[in-house]
Amino acid sequence: MGAIQLNKVEKWFGNLQVIKGIDLDIKDGEFVIFVGPSGCGKSTLLRLISGLEETSRGTIDIDGKDVTALPPSGRGLSMVFQSYALYPHMSVRENVGFGLKTAGVPKAEIDRKVNAAAEVLKLDDYLDRRPKALSGGQRQRVAIGRAIVREPSAFLFDEPLSNLDAALRVEMRFEVARLHKSLGTTMIYVTHDQVEAMTLADKIVVLQGGTIEQVGSPRELYERPDNLFVAQFIGSPKMNVLPCSVDGDRFSLQGHGGGHYPHASATQAPVKLGFRPEHMQVVGVGEGHCTGTVEVAEYLGADTFLYVALDGLETVLVRISGAETVEEGARIGLKFDESRMHFFDVEGRAVRSL
Amino acid sequence: MGAIQLNKVEKWFGNLQVIKGIDLDIKDGEFVIFVGPSGCGKSTLLRLISGLEETSRGTIDIDGKDVTALPPSGRGLSMVFQSYALYPHMSVRENVGFGLKTAGVPKAEIDRKVNAAAEVLKLDDYLDRRPKALSGGQRQRVAIGRAIVREPSAFLFDEPLSNLDAALRVEMRFEVARLHKSLGTTMIYVTHDQVEAMTLADKIVVLQGGTIEQVGSPRELYERPDNLFVAQFIGSPKMNVLPCSVDGDRFSLQGHGGGHYPHASATQAPVKLGFRPEHMQVVGVGEGHCTGTVEVAEYLGADTFLYVALDGLETVLVRISGAETVEEGARIGLKFDESRMHFFDVEGRAVRSL
Amino acid sequence: DTLRFWTTEEQPERLAKQEEMAAAFKDKTGIEVEVIPVSESDLGTRTTAAFAAGDLPDVIYHTLQYALPWAEAGILDTEAATEVLENLGASTFAPGAVAMAAVEDGVASVPVDGWTQMVVYRKDLFEENGLAAPDSYEAILAAVEKLHNPPEMFGFVAATKIDENFMSQVLEHVFLANGVSPVNGDGFSALDEKKTIEALEFYKAIAEASPPGDLFWKQSRELYFAGKAAMIIWSPFILDELAGLRDSAPPTITDDPTSTELASKTGVVTTLKGPSNPDGAAWADIRYFGITNDADTEAAMQFVEFSMDDGYMSTLSIAPEGKFPIRRGTSDNATEFVDGWAKLPVGVDRKAPLTDLYDAETISTIVSGLDTASRWGVKEGQLSLASKMINSQVINRYVREYIDGERDAAATVAKLNEELAKIQ
Amino acid sequence: MTTDTHDSASAGPPKGIGPMQRREMWLAYLMLAPTFAIILMIVAGPLLANFWISVKPVQLADLRPPTVLVNERVRGGPEAVGDSATLEYRLRNSSQDEEIRNVVLSDEIPAGFDIAEVPEPCSVDGGKLTCTLGTVAPGWRDRLQLEGTVTQVFLDADRPERQSEPQIAGEANNILTNFDFTLENFRRIFSADEFWSVLRVTFYYTIFGTGGALVLGLFAAQLLNTVFPGRGVLRGLFLFPYVSPVIAVAFTWVVLFDPFSGTLNALLTKMGVVADPINFFGQRAIEFSFLGIPMEFPLALTTVIAFEAWRYFPLSFLFILARMQSINTDMYEAAEMDGATPLQQFWYLSLPQLMGILSVLFLLRFIWTFNKFDDIFLLTGGNAGTRTLTVDVYEQGFALSNLGAGAAVAVVVFVVLVTFATLFIRFSPKEEGL
Amino acid sequence: MRPGSVILAALTGLIWGVTAMVVIAVTLTLITGEVALPQATVAGLAGLVSALAFVWWRSSGAGGGLPAWALSAAILFLVLMTASFAAPFGLPLGTTPVWQGLGLIAFVAGVTAANRVTLSGARLGQMSRYEREVIYIRIAKGIGFVVFTIIVALPFYVMVMTSLKSQQALLANPLDLSIDVSQGIDGLFRSYVELFTQFNFGRYLMVSAFVSIATVVLTLLFSVPGAYAVSRLRFPGQAFLARSVLLIYMVPAIVLVIPLYAVFSQLGLRNTLTGLLIVYPATTIPVALYMLQGYFRGLPSELEEAGLMDGLSRIGVILKITLPLSLPALASVSLYVFMIAWNEFLFAFMFLDDPDIFTLSRGVVSLNSSEVPRQHLMAGAVIATVPVLVIFLWFERFLVQGLTAGSVKG
């Protein structure tokens, strides 16, 4: 059981408000990921939930019980740290069993549980090693093992994979996914890595400056960002944004063409048009929505990125297949996929049909 | 002027041979990038060229002059370090001008050159700051400025951008490219980052274990890798490799279909077939070259990565557009782009028509 | 060049007096004298060290214990000293003091002044309790028995700090009192067991009536001044501060540090008797000017001569209460110095002649002691050996261990004889 | 274009060093030379010399090589031209136990001194006096007198005999440099009863002093490992005992603990804690009986140990604090999450983490405490059962003027020390970076 | 109500009551010279009651108007005064009323604050092991602060105060460490004046300063190149040399004393400052070298390589890059060496005979061995201590670095 509810949670460090009144509902068994720019309060929020940091205002409920005033040991959660935070002087076995030992669990039972966890995490062969003698991935597994044995109602992960190299990160990502599938326990996961966020989450929470920008599934965030911030934050390379104007059901770009505007029924007037690099096509000059000069063509093998300076507007990034060749300096037209355009009002909120 | 020639260069650390007899010809004005797995000797090779490390055997010529026994100061090269290596006790101006000062250049001239470099690198506003008061990108610019003013015959870069965050890295990459274009000086550049290597290099040198695996332009390496190592090293996600057999002008995959084999005239018999994730299409079961089950579908927005377990073979990675949806667990067929298949013999060398 | 003069009188006021004298000497002869204070406890080591390094000073003001050993070790220029003595007139000197420093054909160094060790006691308390003056083991033990009442009043303050000369002096006095001596005419002579045991037992008794710990002159004086000790053994140097004439060592028995009250309650004894030596003995120390072998002999001799002649009164005035003149007078006036000395005021921060402070009887006890006083080896002509024994601190150490109960009296005597026999 | 050769059979690592490295090597030797010269001279040299001296019967006074001392004087007080005078050389052998061979005295006769008579072993040649004295016995002394008359030149000069220093030549056996060896010094120190008690005291002092400093340091570090206002001040204060000159703090302790006029004893007696003042530094032992068994509590030694612990706890405190602050706080957060209580955290996490630095500190402090001389020397002078080996070196060598014995004790100190240092190097955890 | 929790609260109060009483009574005694007899039992009782009241009032939530600490302070005061019959320090209230009043306030404030801090979160009902342990630890730390502060500060306090008193006053009442302002500035600093005028301490101070600074300079001159070579240059024997430095550093001075004494005596270097200036640097060079090499190793080698690429020679790199960057390390090494030289006792004691060249340490010893009053000795100690302490406090950061980087030497 691990339903977690945050009610108007605030955190102040002295006079600095870091978490600005957050309401969040995490259902039992959900995999929730916090993303956001550095310093937006992801870790702080996680630590508030864990009890390592005291909540300044608001309440946190776990399974309906108010735990706001309890120390971490009273909340029944487990946490996996970015730095692993293994006890360097203990063997893997002792590391994993430490939480049980402090709770006074009998030795035989500790052994049983540790072995079970080790099996799940394929740690059997390392049980008597010290953390120093393990690779990064193995260490992270131990950290997870330590979290598992206590059978917490929810797992908290703070950028657990960011210290690993790319290949290992992929592998551990699968591991975490598998674990979630098999345990079915609630997981709250903080990351910087878009790929992790997109591939693991049931629900992504995008934070900025201590407040929630949007909560939703990965596809929701990619396809229907609520605002400019989320739109540009999710997706890589990031979304191009150009100023635009709308007239009835037509939009137009300054000095370029325009097209059909689908949200004519919306109340706000959009001023920005967003479109992702992968949703454009190179066409002849004058054929597409706009025209520009290829400043740089970066050949990456599978893809080529074109930096196209639109006449009188900014440079936009276009992703085309690596097989196509476009010369630097060439004049080209760009055509957007009209079904995948995003419009934003002056305040950066997405404009959608009612 | 900056033509550099390495002749049978070796480097031993005690009994450990790190560079194993390398011959390399770098033409004046070329942008050469060393890539290779960690520990393969990239940095060592660069340091041999710079003179910071003594060459154990072989010779290094710069512009036809043997410089093997000269100290760094006698070689007329400049180096930009990964850690920037700015002098923390000097202002930016002093940092940049330091090399000139030690060479006894008159003060007025130093000032002139420093100002010129600062202009090129947009450092004018920071000239009187200490490095501590600069951001990472600015520091790297100062380091480059320091290299520029000495008007070296070649620049050496050792992973200059790897300490920067992603966005800054992109920006600095453009900067370096621009610099090379405007100065036209030889540049030797070590990096881990494929994107940098592919986008910047005139010529990529792939190293492994102290020897050169292949030298060529980015497109050559992507499209015509000489061996399995280069094939898998270049390109991301990496090339899938499956065992295959060849019979005349047909190749076949065990338990799956096959297709036309273009290099029937080659002397070696290929045993491995390589194909990149982006060069496949999802088709109906039985329609393509092979069939399998989608284990995981990772939705990343623009793309979706499918991990397809081929029946009786390994799992391969397929990249499809994020717009397409394939369910996990679905049975699908895969069709390769036959013009973009790579065959390798038992020793991993590429098999090509004579 | 400058003469270097080492002196153990290192208190600033006393140093100042010596510097004055040096200045007077310079006026007279043009020879500069640098007065260098050396701690008395370091003197032996430092002199040996300086000898080894070949940079001995020209003149050293030293105590009797060093005279003969140094002469023997080649530190002192005995010929020069003898010549000085002759120039001044050997007959003007007290013969006992000269005899103590006598070597083959003269003296080791020139005797300057001397004092006798005294048992200082609270006459008022003794009278109150009907006790006899503490001039014998027996009388002292009886008084201790009666008066010892720690922590208000300690019966005695014995010396137990083994690396202090003070302990050697007190011990030698106690041993002498019972006729114990480690030397005879032929050199080492084993300590007489019976007499020594008596002395040891006596010493242990008074040590037990003392406060615990490492005691030396400092504690003795502090406790006595605080009115917490009935008896102590001390040199006459105590006489001025006892009368409240020195601020850095004030009597604290009353609130008034300048009070002469304690002085008026104090009696002294110089001759101490043991059960096996009914005649008793007094203990004296004599100080000498030694001219060293590295000295600029001429100048050094002039300096010593000056100090013993024109400058003699100022030498004595450093601390008249503890510096009885050894040179009685000049050939013209045989008692010139003795007379002058008697009028010298004592004290540091306040001054007064001794006669104002103590009754005549006390003063005569103190002064007359010098004539009868002796030391180990003086009579036997083995002063040099005896001095070495003392300087080795062997006796101090084993007596202390005996007091601490590590060994019984007989074993201590045996151990002492064994160790002393090793010293030549 | 490029070619890449997979250079197959390379001939193995190159022999010798290249020109660049050779330049570096000479530079290094040049830079190190002065340092090592002075260290060899002042540290390594004396170490060896100790062994040498320890097998020689050297007294402090023997440091002066036996020579003949000369003293030149004019006697007879000439006042007018033609007065007779005596030029007297007093000679003596400075050593009482070594003879001096081939003694020759030479000097310039002062100008204006007309010699009438030359003593037997001497000859005068053109104003130059040479006396051949042959071998002189230990303790020998003699006077050579040259009779003569003086002229005006002589009278005008200020102390004419001083114009030339008499020169003396001679050969003697120098006990310091000859090749006679003896184990007497070692026999002497090992057979002295007190040596073994000194050794025991040394170890007590070292072990407990070190342990005390460590325990106090650990405690103090715990106190200051949290952030609170005034922490900087307190940290500074805690370092005072170590930073202050030993001479100042030692005497302060002596004054503070003085049984008669010390504040502490006054406090204890006045407040009625003890009846008699305790002589902390002077009393060898307090006897008491425990369960009827008489026991001794070594009071002075304990006080000296307390001083040692007091004076050096700041150092262990600093090291432990530095180590504690480098412990990843994540680990404690993980433990919090694991439900460990504060004491459990200390016992299971902090202590094991500190074991490394504690053992290094113990070993190093052990060695330093073992080496310590000043503290005990100043506090008790090695009396009252507090004499350690180092104090014994001083006692033997200087207080008793027996350099040989002192050096022998120093050799013992050194040997024990080398043993410790070896242990230290073998067992010190490398990662503590000491 | 749980007996365990009640006992814990009671015990806490008891401990604070007793501790505060003893500390305050002793302080009072030392400040006023009047013997205050700490009423420990009464104070313990008062602390106990007030602690219980505090916990009960606070956790019962009765809160409202009166804060729990105020209530407990009031109870503390009342119990203390009643049970000690209005003589909490065993003194009639009439003697030194101001100080006693201050003492009383300090007691009440101290105990209340201590209770408040240590018992925050305490309840009379069931408490978890975690919560109980938090309280134990707070108590232990509190006691630790008090005890450590006292044992460290007391000797220094006594040192300074003793030096300001007269022999008479000291002997009369060793407990009275108050400043007797009535003697005026002259009387107060009489010992110091005498030390400087009669005992030559001005000169000792200069000599000490000279010797220490010269030692620092010499040490740096030798150790900087040495440390650089050992840490940065590659040459055969590097590892061996680096290690032997540490070993040399463990050789005790006393072992060197006899041979050095012998040799220096014969060379005429004993009893000269030159002699000291040979020995001091020789003993500090290994330390300095060890500290500096650690620091040099820690400097990024890229910086030096950048210098090489910029056309400098090795020496140029050292002078223009390494040294300017090592200023903090040089500062800490200098301070540390200064401290060693300033505090050095053994060689100064063995080698110096001539008061003209005494260092302070040597000078203070000579105060001890003659018939010099104790306040002079303490004043000498103060004079020797103050410069190092001032320097230490001024540059604490560097010195602490130096201490930890370098050494465990003492």
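List of remarks:
First chain written, first letter: the chains are A, B, C, D and E, and each begins at residue 1.
The rule we apply is simple: a contact is a pair of C-beta atoms (placed from the backbone, for glycine too) under 8 Å apart; a residue touches a chain by one contact, two chains touch by 3 or more.
These numbers come from a predicted model, not from an experiment.
Common neighbours of subunit B and subunit C, by the contact definition above: D, E.
Comparing the centres of all chains, each the average of its CA atoms, the largest separation from subunit E belongs to B. Among the inter-chain contacts, the highest number of C-beta pairs connects D-E. With centres taken as mean C-alpha coordinates, the chain found closest to the middle of all protein C-alpha atoms is E.
Put simply, the C-alpha centre of subunit B and that of subunit D have 63 angstrom between them. Mean C-alpha position of subunit C lies 33 Å from that of subunit D. Put simply, the C-alpha centre of subunit A and that of subunit C have 94 angstrom between them. Averaged C-alpha coordinates give centres for subunit C and subunit E that are 42 Å from one another.
The multi-chain contact residues of subunit D, meaning those touching 2 or more other chains, are 21, 63, 261, 339, 341, 398. Counting partners per residue, subunit E has 130, 171, 261-262, 265-266 as the residues that reach two or more other chains.
In subunit C, 49, 52-54, 222, 226 are the positions where the chain touches two or more neighbouring chains simultaneously. Subunit D contributes residues 60-64, 69, 71, 73, 90, 92-96, 139, 159, 259-261, 269, 275-279, 281-285, 380-381, 383-384, 398-401 to its touches with subunit C in the complex.
The touching residues of subunit D, when paired with subunit A in their complex, are 328, 330-331, 333-341, 344, 348-349, 352-353, 355. Those residues of subunit D that touch subunit E in the shared complex are 21, 24-25, 27-29, 31-32, 34-36, 38-39, 41-47, 49-50, 53, 58, 63, 65, 176, 216, 219-220, 222-223, 232, 234-249, 251-253, 255-256, 258, 261-263, 265-267, 270-272, 310-312, 315, 318-319, 322, 339, 341-343, 361, 364-365, 367-368, 370-374, 378, 390, 393-394, 397-398, 403, 406-407, 410, 413-414, 417, 421, 433-434.
Residues 166-168, 171-172, 194, 198-199, 261-262, 264-266, 268, 270-271, 353-355, 366, 369-373, 376 of subunit E touch subunit C in their complex. Within the complex, the subunit E residues that touch subunit B are 300, 302-303, 305-313, 316, 320-321, 324-325.
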